[in-house]
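Heads up, there are several structures right after this.
After this come two complexes, each holding subunit A, first together with subunit B and then together with subunit C.
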Partner chain A sequence: MSNTLAIARRELSSFFFSPIAYLVMCGFLMLSGLFFMLTVFATGQPAEMRNLFFWMVWILIIVVPAISMRLVSEELRSGTIESLMTSPISDVQVILGKWLGGLMFFVALLATTLSLVFVLALWSQPDYGPVFTGYLGLILVGGLYMAIGTFASVLTRNQIIAFLLTIFLILLLTVVTYFLPRLLPPEWSAAAYYLNVNEQYDDFSKGLIDTSNFVYFISGIALFLVLAVKALESRKWR
Partner chain B sequence: MIRVQNLVKYYGPTLAVDHLDLDVEAGQVVGILGPNGAGKSTTIRILTAFMPPTAGSASVNGHDVLTDSDAVRRSIGYLPESTPLYPEMRVREQLHYFGRLHGLDRTARNRRIGELTEACGLEAILARPIGHLSKGNKQRVGLAQAMLHDPPVLVLDEPTAGLDPTQITEVRKLILRLAESKTILLSTHILPEVEKTCQRVVIINRGRVVAQGEPEELKQRVRSASRVVVDVKAPVEQVKAAFEKIQSVQDVEAYNDQGWTLAAVTARDNVDIREILADAIVENRWSFREMTYETASLEEYFIQITSAANIEAA
Partner chain C sequence: MSEHTTPSQHQRWIKYGLNVAVLILATLTIIILVNWMGYRHFQRFDLTRTRQYSLSPQTTNLLQDLDTDITVTTFYSAGSAQSGLLQRVDDLLAEYTRRSTRIDVKHIDPAASPELRDKYITKLKTRYQSELDKASGAFGDVAKTYDAIRQFASGQVQTLPGILVELPASDRTTPLLFKQLVEIFQRLDDSLTNAQKQIESAMKESMPDYQGAVAVARRPLTQLSSGVLDVAVERFQRAVNDPNMPDKAKDALLGLIKPYKDMRLQIQDASGRLDAVETPEYDRVRNSLMQSNCVIVTIPGEQAKEHADETHGVVVLTLDEIYPNLIRAEMTRGEVMPEEGYKGEETITGAILRLTLRHNARVVFINPSPQSVLSGRGNPQISFMQVAERLRRMNFDVDEWQPGGSMGPMGQPMPPQPAPVAEEGETLVYIVLPVPPPNPQRPTQPMGPMIAQAVKAHLDAGQPAMVFAAPSSMMNFGQPDPLVEMIKPYGLTIDTGRLIMRHVPGRNGQLQADNQLILNTWPTDHAISKAASGLQGLMLQAMPIELSSNPPEGEHLWPLIESPADTWADTDYMRPAQATKGEDDPTGPFVVGAAVEKDKLRLIAIADASFAVDGVTQYGPRDLFGNTLFSRFPGNSEVFVNSVYWLAGLDRLIAPGARTQDTRRIDAVSRPAMLAVWWITVAGLPAMCLAAGMIVWVVRRR
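On to the complex of A and B.
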């Protein structure tokens, strides 16, 4: 546990030395602010963040891979993986630490958008229940994308490839599972629909906390973290 | 301390290590020598439990690298090739981080980092980002990092590669100072390195041990005879004729060098022919300005043995 936290802490602090991280931060805040102005902060709109949350789930498709792309691939490229993997720590600790470090940075990034909630509160009386569940859901979506990104970054030492591979895998869970159900027989389309991230997130933005949504995100995170551990193990045998 | 038996490693279809045996006794400094791609780094990576062997066994401090890899990692301080460090971290942070991964608590880390700061001369750079350090300083940080958990065995992969001559001397001194209390296995393709730091040399080529022994011992095994080069003032033919008459001389090569004759004389059976040559020169009343005695270097032996092995394999 302490090893996992040590890796996560190092990962988190190294983000603040990376120009890409600052770019991501700027881009994310700018887009969130823009969508906030366009969809939430307008006369006649209800005082809720739901419309913004809808768009943020889409923004995460770019933001999270940009954070996760360097997690393991940078260690592979620079060779520090050798010092790391010859320390008395396990592959599981490495992967968990990397994922957690990335997620911590993402949560910090997300926390900055609380300023938008503050602005909303200045002009109206928002219902904080759905705001809370909406953010909880975003953390789960971010956690899932971060797990996918961690897996992708074990596969290559090239950050760009890790970035694109992560986006590709996320698109399978968002765009493809959105259009695919229309082409499938009904009994299959329900299953494909279940895999859609946006669909699973929808309840959170409405203020609902459903166990089945939790199961979806937690098992998705677990699946990709296990894949990442396996991929890291298999690197040695090549 | 280190035992490697019948080690085999394939990368896909490529054979990197071919039934390699290696033994390092406690307290020894042993150098692995070999041309690039001979399998040095692969052997080291297997020893440090970074990758598993295809076949054979390796153990460090009595712990097998496959079944007891955690104990192996605790017994070894490892400096990988080209010293990978995190450029954005400060030296102190990097050392604390790896101290934490090795399970040292804060007090232990502070104590060890204090000791190593002194031993490796890091006082001036502790607070600097690693990305701004010179290669020599990075190497010292890498060495300090390898020794954080005070392991009995140090494994150093090309510890002086890419350093300038002053830095090489410094790092070498540091290694020798450490050698008093530790077992050290280091790899290199630089020959003076092993002659100066190692008690035993293992030469590997194409994944196999082709020779091993003390550096001196290996030098004596060189079959090429010693040569004496003399520079005398006399016609080439006369010099050649005079030297060839001497019984223990095997071969004479002579060239004209602006009135002087430069003769390279090879002796039979490694006999020291300097005195005999000097007598011959005096006898002929030649002027004489230089005599050099060339013994075979480890370098020659290395070239001889690795190229012989290449021919064998081809």
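On to the complex of A and C.
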């Protein structure tokens, strides 16, 4: 566990030392601010962040892969992965540490948007329950996307390819699972809808916590982390 | 000594690859299983402040009090384009089952399980057996009529050629008619057989279309009666009157007229019996089931028999009725206002109440105007259709008494009916609308004293009433409102000479007086108004009510509606915009609505005649068809309906309903503030991040 946390800490600090991370943060805040002003902040509108959360889930499709693309692929490109693999740290610890570091940076990124909640609170009395669940849901969505990104970054030493592969996999879980059910027979379409990340996030944005949504995100994270571990492991026998 | 061989690259691939494949497969299986379990057995926590996605206290109370089993059957196909909506309905129904063991939710997918659908439909059909038996009887009569027609037609095919030879050669039209008649009668058997086959085939369906079958049955009868027999009789008559017609032919033609007329009478009789086939409730249920987009709420059959009303123990709700605007939103992927979320629960709870609520209460609006306040043609500024509809859904009989007479369908004056009186064991709630002051130029019998007398007698009999008052300038001429005078002894004094005003910013930015009062808070002394907590209300012509500080012994007084604190009561209400707050004008908050209870007597006074009119309760954003999406001022309707429940003694129904939700909104943002927020959120905060990044970059470069 301590190894995992050490890797996570190292990842987190490396994010904060990289100007690219600040660029990502700047872009994320700018887009969030824009959608906040366009969809939430207007006289007489309901004092809730639901519309912003809806758009933030879409913004994450670009933002999270931008964070995760360098998690492992950078180590592969620079060759530092070899020293990591020969050190007394297991593959599971490496992947978990990398994922956790990326997620911690993502949470920090998300925390900057709390300034928008503060702005909302200046002109209204928002209901903080849905705000809390909305952020909780975003962390879970971010966690899932980060796990996908970690898996993609293990597969290639090229960050751009890792970035594009992550986006592709995320689009499968968002756009494809949205349109696919319309083409499937009824008994399969419900399952396809279930796979849709936005559908799973919807309850959180309303102020609801549903255990089935939790199960979906946690199991999704677990699946991609297992895949990432196995992909990293395969380097030893390929 | 064994010999070790190093595995080849290919063997390593197979060995480790298989290992990984098996592990990934096992992981996937576990994940699918866990998700399946999570999907089937889940817990939901509503973290919204007003429990927006949980059932309201009113529904919870109702479910706790249920003394009968309720079955709710969803009748739609999963995986349709409206899956989000269906999920919402499923979630809502799951909440009901969690709250009461009396509620059983069943799902029937008519597309996936046609056998289940047919079985359910057959079971449901038995509820309408009495209606359907009458219809089946009518079809039996029609079959007999068809046989009689066949006999008649075959007889005519034999008879007409015999008469044809008697006709004079000069007559060219009658032989032609005979020829046509023979042809028609020869073909008639086929058309009757076809109609019968269509009827039989319709009756064999799991849920027969009775109205469609009636139309099919009627078609040959109508064609024969008006298209053939009427014409034939008229032409025979004309031929008989022809002076050139030989006597023998005349006799033969006269002999034809009677059986034709008899046949016509027999057909009219059968048509009359078909007209009597009325299956409105059954048709509604059938149409909804055929569309496969409904939820059916039922109580057990034996209880449905006890429940001798038109529901037959069944209420069918289409998805459009449950979530009207969500359907549209679903189709356009548009967002809906949070206020619309209440409709699903209100509709389903309303259906359960309709099936289970037993009371013997009736509501009568006492309307001094000849113009109805309950008809569809009503003016929204005076009509009470929305609240009346809500009461009807709660099994109240809602009626109107117009002591001055009413207007007929063509606008003609109708004489007044006698005052309605409560029957034995019945609770009759009078809703007394304000009486206009007497007009000296049109002296008629003053209605005010007559209505006041009727209401007084009603109250003395221990029956409840709600009295509305309107401002009256006659007060200044020493002619007080008789209704207002009548309620004074109960400790309620309405000052009809003053209107409550407040200052609002005018167009030029200066403050001006306004009599429109928006209510954001309600007194919490009584359950009626407490249940409206969080709902916005509106008052247009509010007047102060003074509650007696020394009420008679045993009498209780509660304020139900209060004006905001920054109000005053002004006598210059004819020109409210020009009114100014005088030093002598009393200042708010004022009581505008109050309830009185003494022993069995219950009385409510509301000093605003427009408090519950459609113009206020239905005020809100509208869709393209002009239907109100949701009310901006739901507090008015809620307080009115709760007041009726209280007056009728149904106190248990008074609880925050589904629509009671505190939708918090963003306050007015000035232009400069908006501009500042734009700059800060879209440029300022991101720029700060960028600056931090640049500092880090510069520091690390050093």
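The rule is short, and it goes like this: the second predicted complex is superposed on the first by the 238 of 238 C-alpha atoms of A that agree within 3 Å, B and C clash if a C-alpha of one lies under 4 Å from a C-alpha of the other, contacts with A are read in each partner's own complex, and residues count from 1 in each chain.
Going forward, a contact is a pair of C-beta atoms (placed from the backbone, for glycine too) under 8 Å apart; a residue touches a chain by one contact, two chains touch by 3 or more.
Model, not experiment: these values are computed from the prediction.
Look at A:T211: by the touch rule set out above, it reaches subunit C but stays clear of subunit B.
When the two structures are aligned on the shared chain, A:P88 is found in touch with subunit B, with no touch to subunit C. Look at A:V119: by the touch rule set out above, it reaches subunit C but stays clear of subunit B. When the two structures are aligned on the shared chain, A:T80 is found in touch with subunit B, with no touch to subunit C.
Of the two partner chains placed by superposition, only subunit B is touched by A:S2; subunit C is not.
Between subunit B and subunit C, the partner in contact with more residues of subunit A is C.
In the superposition on chain A, A:T43 makes contact with subunit C only, not with subunit B.
17, 237-238 are the residues of subunit A that lie in the contact sets of both subunit B and subunit C, per the superposition on chain A.
Put simply, subunit B touches subunit A in their complex at residues 11-12, 45, 48-52, 70, 73-74, 76, 78, 80-82, 84-89, 93, 97-98, 100-103, 145. Against subunit B, the residues of subunit A that register as touching in their complex are 2-3, 6-7, 10, 13-14, 17-18, 78-89, 236-238. Listed in rising order, the residues of subunit A touching subunit C in the complex are 16-17, 19, 21-23, 25-27, 29-30, 33-34, 36-37, 41-48, 51, 112, 115-116, 119-120, 123-130, 132-133, 181-182, 184-190, 193-194, 199, 203, 206-212, 214-216, 219-220, 222-223, 226-227, 230, 233-234, 237-238. By the touch rule above, subunit C contacts subunit A in their complex via residues 12-13, 16, 20, 23-24, 27-28, 31, 34-35, 37-39, 42-50, 52-53, 77-81, 83-84, 109, 111-112, 335, 337-338, 663-669, 673-674, 677-678, 680-683, 685-687, 689-690, 692-694, 696-697, 700.
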